[in-house]
């Protein structure tokens, strides 16, 4: 069940990555790398930092196959049907929520403390998009705009604190996913963002 | 023999990296980092993902020394002789072919399955250039233009499938290197590229 | 004592990262990531390459907390007081010196040879700034301008060669930090840089 959720999160993020690559006029290989970065980049960085190697998609290549098939399907569909970029904001928010919770749980199972599990949850949820934007030569969008990492942080804190308090996973999982998804969607709806740091003065 | 081929691939990629750094007006340290990224970046990412640590150039620093000496030699030569950027397309294609085959073989020896060995071969062949372009603040050229990763993919598939089928390495190695090199050169000659993904519609 | 020095180097680099993020109009999450990249990025890359995993700030989260608190403090202070970007050149040089020496020592303790320890010292000292600039979508400043990596290289060579020669750490540490710091400050004062590589000719 969780595994199917994870695979669908991979597929959703791979679609958004492939569309983003289309916007940058990349070819199918470029689109595949960007899609892999979106779908697998956050979990890959988590595994590297934790020393959980080889990384998850080498141990379980199904993630790789799903991402690759998604890119090909996206290519075939977009040759016939025009897709609005806005249509992916909700699936992207769902992907964020799923990856954050999965990353937090993986880190707790890997015997990390709550603060580290929270950081790793945020890394898993958010860094796919950061790698995508760096590869596309842009300042990552999650560094500004509506709440994104903050939604991941809230979901990761909720999941790990309630988990340590003994709430069983079957209740906790949908709760934390819903909280992350809800905060992200509310931030999009009412344009809620974090404050900025004041720039230094140039002399 | 293979070791000498590998060292010459490192030298070739270090030269192309140093020239690229010259084009961006970087200093000798910047040129060294870009040259190291070109020559060692793909293999480094492969080792990180596989958990084959420390990475290969820490275990065998000769790669590092060859790259460093190449940068200094390039600096001394380019102060006297003007070099055409086009003169490096063929050596670069040879570097791609060598690194791809080496990366595939290393992964098979590290007991990975054929699909993972193929992905790691492509990573080893291609990602040096991706890291170089990210550090130079550009969208990686391998994400568009003539076939590059596709050439690597073909060589890696050929090498690992025929290798699993029992073809001995002394025959397989030159075959896969020639195939990768040939596809890349043919793509350059006849301007063959991959199709693009259609961009999403902005509303 | 060394631990306190290290924590203050983290704080200094986190401040410069947060201010840099302010200049790019990033929000508080973006500023935190840039600050973490500056303060922890070099040591993280060193640990990944060496296979010293999990990385140091997962084993000892105090570094993470100091960086996070520094970002919040910087945010609160810059809302009231305008800070000149030039005021951070000296603390940044101190951070470079401390991280370089720490990175060299960590690598020697991890039983690496002198050349590898020197490379890892430079990586620890310099790559935080490289990651910061890549995330901010700029060509890294350490690839041009006044001596920066060269100062780190000198300090790392001094530390590891004299250390192997038997000079005790309590004398060696301040000596290598002072040398790195002094070279960087002298390069800023007299505008000393490395030569550039001549660019290739486009045809």
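Each chain gets a letter, A, B and C, in the order it is written, and its residues are counted from 1.
One rule holds in what follows: a residue touches a chain if its C-beta (ideal position, glycine included) is under 8 Å from a C-beta of that chain, and two chains touch if they have at least 3 such contacts.
As the structure is a prediction and not an experimental result, all values here were calculated from the model.
Undergrad: Counting shared numbers against all numbers at the contact of chain A and chain C, is it over half, same, or under half, different?
TA: Under half shared, hence different.
Undergrad: Cα superposition of chain B onto chain C: how big is the rotation, rounded to the nearest 5°?
TA: Between chain B and chain C the superposing rotation measures out at 120 degrees.
Undergrad: Chain A to chain C: how many Å between their CA centres?
TA: 29
Undergrad: Hunt down the residues of chain A that sit against at least two other chains at once, touch-wise.
TA: Residues 48, 51, 53, 134, 137.
Undergrad: Quick one: in the complex, what on chain B touches chain A?
TA: Per the stated touch rule, the residues are 48-51, 53, 112-113, 115-116, 119, 130, 134, 137-140, 142-145, 148-150, 193-203.
Undergrad: Would you pull the chain A residues touching chain B in the complex into a rising list?
TA: Residues 18-19, 21-31, 33-34, 44, 48, 51, 53-55, 58, 61, 64, 71, 74-75, 78-79, 82-88, 134-137 of chain A touch chain B in their complex.
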